[in-house]
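Shared between the two complexes below is subunit A, which has subunit B as its partner in the first and subunit C in the second.
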Partner chain A sequence: MDVFITALGLVFDPYVLMVIFLSAVFGLFVGSIPGLTATMATALLVPVTFFMEPVPAIAAIGTAVAMAIFAGDIPGALLRIPGTPASAAYVDEAYTLTQKGQAERALGTSLVCAAFGGLFGIVVLTTSAPALAEFALNFSSFEYFWLACLGLTCAAVISTEAPVRGLVSLLIGLFISTIGIGIVGGYPRFTFNITELLGGVSFIPAMIGMFAVSEILRYATQTGERPVIPQQPIRNLFKGLGPILWRYKVNMVRGSVIGTGIGALPGAGADIAAWIAYAISKKSSKEPEKFGTGHVEGLVDSGSANNAGLGGAWVPAIVFGIPGDSVTAIVIGVLFMKGMNPGPTVFLYEPQLIYAVFIAFFLANIALIPLGFIAIRSARQVLRIPRRALMPLILIFCIVGAFAINNTVFGVIIMLILGVLAWIMEENHIPVAPAILGIVLGPLLEDNFLTSMIKSEGSLLGFFERPISAVLGVMTLAAWLLPLVLWLLRKRRSAGASAAP
Partner chain B sequence: MKILRTAKTLMLATIGAALMAGAAAAAYPERPITVVVPWGAGGGTDFTGRLIATVMQKKLGVPVNVVNRTGGQGVVGHSAIANAKPDGYTLGVATVEIVMMHWVGLTDLTYKNYTSIGLYNADPAGVQVAADSPWQDVKSLLADIKANPGKFKGSGTAQGGIWHLALAGMLKTAGIDPNAAPWVPSKGAAPGLKELVAGGVSIVTCSPTEAAPLRDAGKVRILAVMGDERMKAFPDVPTLKEDAGVDWAIGAWRGLTGPAGLPQEVTDKLVATFAEVVKDPDFVDGMNKRGFPIVYKAPADHIEFMKTSDVNMGEVMKAIGLAK
Partner chain C sequence: MRLNDAVLGVILLLFAAAVIVHAQTSFPGLPGQDYGPAFFPTVIGSGLALCGIIFVIQGVARLREVPLVRLGSWASSSRHVANLLVVLGALLFYILLSDILGFFITSTVLLTGLLVQFRNRFLPSLGMAVAATFVVHFFFYKMLLVPLPWGFLEPFAW
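Showing the complex of A and B:
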């Protein structure tokens, strides 16, 4: 209880509250501009948070992301362009509503569901993370090795439509993670005698490059027409909303549960949560024929799911240091920078900080309702900002940020190289998110594998000797082998069928 | 007319100010100083480096900024200090690794590449075991290691890091094969302690300061410190010599340095200021609060200390087969 009161004191500080407010405005802005994603908002925020105390720093990122994921719905409903990938699942539905003259209803539903889903995710995070951490205190390198394996498997398979492309991206990330001195062997790899590379590829400049610079490059190579903003007055957002939400209260909870669960899976973030929630909503609806014709039911499910996914993604990030999505991948870097090393011990060393962060997230999701309302009202102005003025500004922020992390130009070079790499990857339909998870999980996988081998004196059986480790190991192997076995079975059956007379 | 006169006065004033600034240029320091910390933010070196920067800023009257240059087991940051322009505007915290890294061939840098401004901290190694382990003193721990070579593993830092040497040296001094307790490399003391609590390793020989939060949480027991005397922050923890009769002391240390070849007047100013910093109440309170012992040595002693340390580390590292 003392910890909780200290945590409250840490949050209700004018400076922290101001940071939360400003990052909320920033998040809403970035989210409502098509092409600028929530991950990019995080990458751009990192250099700013560098100069803050741990609590405002993490609170700023959490707030901005929650706002950006909601704000992505605004251009989705008004222009049929999702502001962030997390809104893509129901962009047609929302836009059809707007065409029917019901933009108010679409955006009002999105807003309330986003806040509900967000709060649900945070409640799950606050209640499950400390309990899970207590349990995770018994995890040694064997268990972490399997967790990293599961994370990488998820990253390659779940997060993409084409697993082969996901795998290619993952391997690129794993390669990048091997650069620098190997922690176990102490031997420099791929450093070409450059002292700066001994420390490896700096994570934050890499993130800024892959998420922000690549986006700027894409803009620079594209020539698109400016979309026309519909002239539809938005006056009373919440009019008639009560009955709708009451009617679909089950959907709201179901979407939140799905979102939180999927968010917690490594590699699957808010965007996938929204797709799956939408699909489930359609499948279990009493009137599935209405989906796609401007029906709010799917909006309720997926609008809650993507914001709930954010809270879910923080669970493995804080407890195991394994990111749930690309935002928390960046956050892990920030946590290390602030000395709040993610892992079960974070609740032992400085519990008041972590609880303060949870409280800040809670506040942010409550503030989503009034701030989101203002954002919707001012959407038309924001969408009119010329991109040719915005993009160079973002590039300047990127350069300053990449430099500031280590005060070296080398960070800027890394940012540019990885920015071009990410752009080439995306132009060839290779997703970037698995590469990010590769960069984060690569060292975790390698270190834990090698230290485990040292501990078990080279015996692979050591990975199955501890009970939890054995369970995780069997799960991982099943995830790898099951598709293969199913494929073989199906093949044999079809072969048997054709052989029969 | 009046405007013209005002402009003229302003111009003269500006020229005058510029001239005065020129005259003051002779006195160091006249612009912000950067202190390079070769380890990550939030760690012990970072904490002490930032504390020094804050107090020095007050004494010198110019901003003193801390920059973390991490990676490569300290090579990156230590290189950044040694390769900086020797003008007194780039200083850095040199840590014990500077007398270790060259033995394994990671870098050519030695303590001779630096100008000493003063040693300020030495942190002895400790012997930590899990709270649910059977060992209540180091003697029984050593007996078990001797009876079962290879069974009990140690951790707390990278292969060949300072805490690895602490364990190997303790075993060697006690007449046990230094490889009887194999080393499991970790990214630092915190991950090593996490392994200890999870039952992955049996011993962690990091600094007791680093283990204190886990001891307070009832997860870890500190058996002894590898120092010549007990630590002020842990008066109930005996020294290794008291506890097991093993005469072995080792620890990490931190000192403020600049690149080799700092101008004499700059060095003099910095050494005099630093001698005041280590006595400043803000510095003393900050160090005590986090449990870092203050050990001050003026440059002559600091250099002598690094020289002895360099020879000792080389011997231990050769004995356990780490040095090339």
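Showing the complex of A and C:
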């Protein structure tokens, strides 16, 4: 109980509350603007949070992301352009409602479901994390090696369309993580006598490059028309909402459960949670024929799922230090840079920090209702802000952010190189998220592998001798083989289909 | 810029080969241990090489349908090519000249150039660039104590 009171004190501090409020406004703004994603919001926030204490820093990122994921629904409903990828699953449904003159209903449902899903995810996080952490205290380098492997595998293989492309991205990330003085023998690798590279590729400039600069490059080369903003007035957001939500209460809970579960899987984040929740909603609905014609049922499921996914993604990140998506990967990277090692021991030594973060997330999701309401009311003004004026401002912010970490222009060089790399990767349909996980988890993977090899005196069997380690190992190998098996099955089926006309 | 998978695969193979050769030839081994600094990069390089081979096979199979290099629609629009070059140029401009010109001048010039290139009118662009430069400078230099360069304006630093 003492811990809880200390934690409350840490959050209800005017400075922390102000940080939460400002990052909420920032998140809502970034999320509402198409082309600026929740990950980009994180990337732009990180240089600022770098100068803060851990609690406000993590609270700021968590709040901004929760807000951005909801706010992505706003241009989705009004313009049929998802503000963030997490809204893509139901953007057509929401826009059809708007066309029917029911924009208020679409956005009201989204808002309440987002807050509900978000709170649900945080409750699961708060209740499950301490127990899992106690369990994880028994983990040794063998288990951590497999956990890192499993996380990276899921990120690369399962959650991307083409596993090979995800794998390339992951390997590029892992390669980047080997640059600099290695953990092994302190030998500088791939530094080519560049002093600034001895400490490795600085993580924050790398991430700003991959998630913000690449986005600016994409904007600069984007051809096509600007969307027209609808002139539908939005007045009574919550009118008639009660009966709808009551009718779909099961969907709200189901969406939240699915979202939290998928979010907790390494590599699968809010966007995948929304797609799956929408599909399940349609499959189990009594009126599946209404889906796609402006029906709120699917919105309830997937709108809850994507915000619940955020809470889920924090579970492996906080408990094991293994990030579940690119946002938590960024947070883990920042914590490492601050010299904090995320993992179960934090629960032992500094539980008040963890509980303070949980309380801050809880607050943020409650604040989502009033702030989201204001964001919806001001959406038409925000959507009118021209991106041609916004993008240069974002670029100067990126430059200063990349510079600020080590106070050298070398950060800007790294940002430029990785920004161009990420842009080329995305142009060629190679996802960027696995690379950032690779950069963060690479050192952990190598360190735990080599420590384990020293412990087991070079025998690979050591990785399967402890029970938990063996289970994790089998799961990882299964995740590697799964795409291959699926591919073979598909091949056999298509061969069968062509043989029998 | 969309490359045929075969081209991507060849690039990956070359890169993988460079990584492996460099790691194997120049990284020292650790006495009494099988796994030294070269081990992890070699595994990564091998993985990349494997992906490269898969890419080449997939790419060659579809060589008739997919050209080796296909430029995006932006490449045929001189304005968008210029957009791209101006963004990259702006970053290079900052990297090369910020220490000499100082943050104020570099940022103002960079922002004005980008805003005008993105088809904003000149005077509003200049106004916005100056305002944004001051806001960013105040926020990072005064509040977060980031030592943004003054360049030759050092005598006037505040």
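In this text, the second predicted complex is superposed on the first by the 477 of 501 C-alpha atoms of A that agree within 3 Å, B and C clash if a C-alpha of one lies under 4 Å from a C-alpha of the other, contacts with A are read in each partner's own complex, and residues count from 1 in each chain.
One rule holds for everything that comes next: a residue touches a chain if its C-beta (ideal position, glycine included) is under 8 Å from a C-beta of that chain, and two chains touch if they have at least 3 such contacts.
Here the structure is a predicted model, which is why all the values come from computation and not from measurement.
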Quick one: on subunit A, after the overlay, do subunit B and subunit C clash, or do they fit? Just give me the call.
-> fit
Under the superposition described above, what is the C-alpha centre angle at subunit A formed with subunit B and subunit C, rounded in steps of 10 degrees?
-> 70
If you stack the two complexes on chain A, which partner ends up touching A:Thr6: first (subunit B), second (subunit C), both, or neither?
-> neither
Tell me which partner A:Asn407 touches in the superposition: subunit B (first), subunit C (second), both or neither.
-> both
Identify the partner contact of A:Thr153: answer first if only subunit B is touched, second if only subunit C is, both if each is, neither if none is.
-> neither
When the two structures are overlaid on chain A, which partner does A:Met337 contact: first (subunit B), second (subunit C), both, or neither?
-> first
Would you mind checking which one, subunit B or subunit C, touches more residues on subunit A?
-> C
So, does A:Ile454 touch the first partner subunit B, the second partner subunit C, both, or neither?
-> both
A:Thr96 contacts which: subunit B (first), subunit C (second), both, neither?
-> neither
For the combined overlay, can you note the least CA distance between subunit B and subunit C, rounded to whole Å?
-> 8
Looking at subunit A, which of its residues have contacts with both subunit B and subunit C?
-> 184-185, 407, 450, 454
Which residues, counting only subunit C, touch subunit A once they are in their complex?
-> 1-3, 8, 12, 19, 22-23, 27-28, 30, 33-37, 39-41, 44-45, 47-48, 51, 54-55, 72-74, 77, 80, 83-84, 86-88, 90-92, 94-95, 98-99, 107, 110-111, 114-115, 118-120, 128-129, 132-133, 136, 140, 144-148
Can you list the subunit A residues touching subunit B in their complex?
-> 137-143, 180-181, 183-186, 188, 195-196, 198-200, 336-341, 343-345, 348-349, 406-408, 447, 450-451, 454-455, 457
Using the touch definition up top, name the residues of subunit A that touch subunit C in the complex.
-> 48, 51, 164, 167-168, 171-172, 174-175, 178, 182, 184-185, 187, 189-190, 213, 216-217, 220-223, 386, 388-389, 391-393, 395-397, 399-400, 403-404, 407, 409, 412-413, 415-416, 419-420, 424, 427-428, 446, 449-450, 453-454, 458
Which of the residues in subunit B come into contact with subunit A in the complex?
-> 34, 40-43, 46, 67-73, 75-76, 79, 104, 106, 150, 153, 155, 158-160, 182-187, 190-191, 193-195, 197-201, 213-214, 217, 219
